[in-house]
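Chain IDs A, B, C and D follow the sequence of writing; residue 1 opens each chain.
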Amino acid sequence: MGLRRVAVVGAGMTKFMRRALETGRELSWQAASMALDSCEMTLDDIDGVVIGTAPDAFDGVHMKGEYLSDGCGAWQKPVMRGYVGGGTGVFSPIQGWYHVASGLFDVVLVVGEEKMSSCHPHPQGAFLTIFDNLLERQLEPNLIWIFALEMHRYMTAYGLSKRDIALVSVKNKRNALDHPCAQVAEDITVDDVLNSEVMVWPVNRLDVSPVSDGAVAMVLAAEHVAKRVTDKPVWIDGVGWHLDTAYWTNRDVSYPKYVEYAARMAYRMAGITEPRKQINVVEPYDPFSYKELHHLEGLLLCGKGEAPQLTVDGVTQRNGDLPVCPSGGLLGVGNPIAAAGLMKVAEIFWQLRGEAGKRQVPGKPITGLAQAWGDLMQVGTVVVLRI
Amino acid sequence: MGSPEQISQVEDIRYVYGEIPVNYAYTLGVAGERFFREIMEKGRFMGTRCPQCEYTYLPPRLYCERCFAGLDDQWVEVGSRGTVEAFTVAHLDLDGQPLAEPQLLALVRLEGADGLLVHRLGQIEAEDVDIGLLVRAVFRPRRQRKGSILDIRYFRPVAS
Amino acid sequence: MPDRVAIVGVGHTQFRATSPGVSYKELMFEAATKAYADADLDPRRDIDSFVCCSEDFTEGTSIFDEYVPDQIGAALRPVHTISGDGLQGLAAAYMQILTGAFEVVAVEAHSKASNILTPHHVLALALDPIFVRPLGAHPHFVAGLEMSRYLAESGTSREQCGQVVAKNRGNALFNDAAAYAADLEAEDVLEGEPAFWPLSRLDISAPADGAVVVVLASEARARALGIEPVWILGAGWCSDSIALDSREWGTAVYARLAAQQAYRQAGIGSPSREIDFAEVDDTFSYKELQHLEALGVFGPGQAGEATEEGATQLDGEFPVNPSGGSLGVGHLGEANGLQKVVEVVRQLREEAGPRQIPDVEVGLAQSWRGVPTATGAVVILSRE
Amino acid sequence: MTADREYPGTPLSDSDVSQGKVLIVEADPNARYAWDAGIAIGRFLAELKKGRIVGRRCHRCRRTMVPPRMFCEQCFRPTDEWVYLKDSGRVNTYSVSYLRWDASRVEEPTIPAVIEIDGASKGMGIMHLLGGVKPEDVQMGMRVRAVWKPARQREGSILDIRYFRPY
């Protein structure tokens, strides 16, 4: 197709925190200015801005993209907020990609922000309003209901045990011990997960990522700029996104077909025909322990129902054959929704450049993938990066 | 149109009520925290100044939106007097109902600031307000201040 | 990369103050059905990607993008939401096609404003929660402040703003889809109920329900469809500071910068000569004038006078808001921009019936996201 | 990125807030709505009031869908006919919830489930609650039937069905 090449050239992030003093605009600025500093750019170099942030009902600010815009470096610039629920964090760089690949922009700043702590009595309350306004909200559902329903379906379809799924939490929370921004890094055991309070069976407290405040930013540049500003550009070689029907109760939720479709779209663009062989490091979306597994399968990195065994076998450890969530993921680093997704893309950027410090996976990875998921178990967003 | 059939009886029209059932508790931010503490404790306005852009933010910012410089160490006091840069007379409340007493609202540029404070005007009739009017902040008594923009009751004209 | 992108299909519902017989999904389905029929495309086979425009609090649903795919033919397809005006969504679709990775992209925006029981409480949630919202004021006070500043800086009069209202609601008399057509005089506006001085109630567009879908295609695909395409010559969008404290108040700097971006792509140096007519944002009467000046159609402070002289009438030298604009059609929230695009397309295709402007080649559509934002977008469309 | 650099952000503890160490501005938004149910869900709700579950059928893909819609999302065309479904079905999946919608804990857990409705195409379910059964006795695939509110208490709401009970 002869697409214009787009690279990630810089990234920055704040700590992920249960509650930050900073406003959402201040968090955005902290991450965005760090991303600019990391590639020795200034706001003058930025042609356009993309903002990713999830439900306005968390921050309690209507038109939240507008509210955040000056903190995201968008003063008197073209700025857009793209939105696919939980998938937003990985969608934002996709949106940045099409800004640059279109030829209309050379350098774009991408910022993901969430400040969930403003929401009372608990940010979970805001999730009531993601359910259908006419037929579901009346049942007073909790967000975790639908994950529990999906997890149970997944476990039943493939005969999986909670013990094997809990290993994901253990791995990611331990990986996060090496992440300086992590909110809930911990060295725990499978039994700790299984013995933690049951929220909505089969989901226990330690199967779930926390609510968080935080921001992440990255700088995207066209090839000619990227090569000028860095000797280690990380190329966005594939992007994909798909959104399935809203009628989630009409679907078989045991398998995330929308993730597979998004992955196939990105693989086609990146020329990936054998994902398991060609991808060296992965950051799939892990807001719940089983989600990492579900997504590895949707990404075609293993067969259906096989991801738990990969985890049991240690394949997905940082020093394993296919390192998965070396950052610590949402389960360990935290889950400021759109920022968390963008954190995953930033992690792959740092891993491919060999700049991930104590989290660095061995073997000089060349190709990495970040993926997010969202809405009513409905959307998959995928970015393939290469150095 | 589009749908194969339509509702043709008004009694068949249904709607379902709902709301966004959450509350919010906002932290004021790094800059906001200091700004309101200064008002609460000292009854003064502190802004932040970007030396490069020669712009003094009021309300203060942690950062310069124009050049992205950090301004945490660039605090400056600005005056509690200023001029009206724009004003309006609000006749309707948030429900869209007529206010018993129309409310005067203005953009006020405090002396030494470039940024504008949005607030109410008091002790003045609408017909006497004009752009350029000199006004002064009227604070709530110290013990009633809570760290809110409402710690300022309103701006009143400065006798010329 | 394809060098040009065209609009190959448009569809919309009637715009009405209420739409009690249909859900938002059914409203969207109608607009999509019409747009795909107009383009002669099957969305399940022919459309590569979809963009929807909405804001959660306007819908009363968090993560509203969940609920968009089914009724526009986008289930299990690349679809995403732009939390912005339809023109920003159109710009997103435009960029997707320019990458060369997509051939046909559909853009949707809608309004179910009548379903919001507390619209101004909801809009107030867009005000800064710390520095502005606690004042408890109806958010349209921001427009009252801006109008006072604009009138003072530009020398425009309230009468001239009233003439905008009379013109636009009058134009809507010729638009069957419009909700607020009326035969009014500028004086009726001036003497209307006070709202946010200098705004009277009639200076403020009233909300309407409706949905709009627009289909974009690459040049190759547009040619293959064998219909009369309308070309996108340029698209721009921009935001001034959201903060009320540090933005420009007298002039619409966001519209000026968005226009510059669009003009640069379109190679337009003299907008008033090279563009034949425009649909510009008129959420509030003065905004039409302020925007026309920011777009460079008239010089600073000259739009009011031009309006007074009839230059922006349907038969004037530069017709503005032939559809009736938001004042005449109704304020459609995030669908405002796409309604304006539809009107420009209809005019360029000579399908505008009783309000057809003769001999038009190039038209401009511009949107603003309303208070308290300083965000706007511009698109230039052409027959050639 | 180097592991030892300082990352920005100022974490606050619960006590920073509860003890007033930081300032807080509170807001109680008034965001209320009345959503048009429209043609399909309007009829669905009206039928619930009568104690019936109704779906829509698409003649092209031959699916009978519940909840009903006036469009077929697979074929992108109008759906063709109303079909009365049974008020019974089978449990597609379920969970056991110890949380209310606002994350506060409940003593007696509820049992959210997706129930595939008899008479609709395979896999066509709705979300509801299971009742009249202990959580440990629920099984995947179990047959259940709607327990309706008394006719006079029904108001055209999904809550006109109190829950689904195994039978």
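To be clear about the criterion, a contact is a pair of C-beta atoms (placed from the backbone, for glycine too) under 8 Å apart; a residue touches a chain by one contact, two chains touch by 3 or more.
On a predicted model such as this, the values are computed, not experimentally measured, just so you know.
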Original post:
Measuring between mean CA coordinates, which chain is farthest from chain D?
Top reply: B
Original post:
Once you count every C-beta pair in contact for both, which comes out on top, B-D or A-C?
Top reply: A-C
Original post:
Hey, how far is the Cα centre of chain B from the one of chain D, in Å?
Top reply: 41
Subject >> Centre-of-Cα separation between chain C and chain A, whole angstrom >> reply: 33
Subject >> Mean-CA-position distance for chain D and chain C (Å) >> reply: 36
**OP:** Pull out every residue in chain B that's touching 2 or more other chains.
**Re:** 2-3, 6-7, 13, 15-16, 18-20, 22-30, 32-33, 65, 94, 148
**OP:** Send over the residues of chain D in touch with two or more other chains.
**Re:** 10, 12, 17, 22, 25, 27, 29-39, 41-42, 45, 69-71, 73, 157
Original post:
In chain A, what residues contact two or more other chains?
Top reply: 19-23, 57, 60, 70, 75, 118, 121, 125-129, 133-134, 138, 245, 247
Original post:
Touch graph across the chains, line, ring, star, complete or other?
Top reply: complete
Subject >> chain A residues within the chain D interface of the complex >> reply: 11, 13-22, 27, 30-31, 34, 38, 60, 121-122, 124-125, 127-128, 133-136, 138-142, 144-145, 148-153, 156, 178, 180-181, 197-203, 213-214, 245, 247, 249-253, 350, 355-359
Original post:
Within the complex, which stretch of chain C touches chain D?
Top reply: 19-26, 29, 36, 42-44, 57, 60, 69-71, 73, 75, 112, 114-118, 121-122, 125, 129-130, 133-134
**OP:** Could you pull out which chain D residues touch chain A in their complex?
**Re:** 1-5, 7-14, 16-17, 22, 27, 29, 33, 35, 37, 41, 44-45, 65-67, 69, 73, 92-104, 109, 112-114, 123-129, 135, 140, 157-159
Subject >> chain A residues within the chain C interface of the complex >> reply: 1-4, 23, 54-57, 60-67, 69-70, 74-86, 91, 95, 97-99, 101-104, 118, 126-127, 129-130, 132-134, 240-247, 257-258, 261-262, 265, 269, 374-376, 378-379
Original post:
For chain B, which residues count as touching chain C in their complex?
Top reply: 1-3, 6-7, 13, 15, 18-20, 24, 26, 28-29, 32, 55, 57-59, 65, 85-96, 102-103, 105-107, 114-120, 126, 131, 148-150
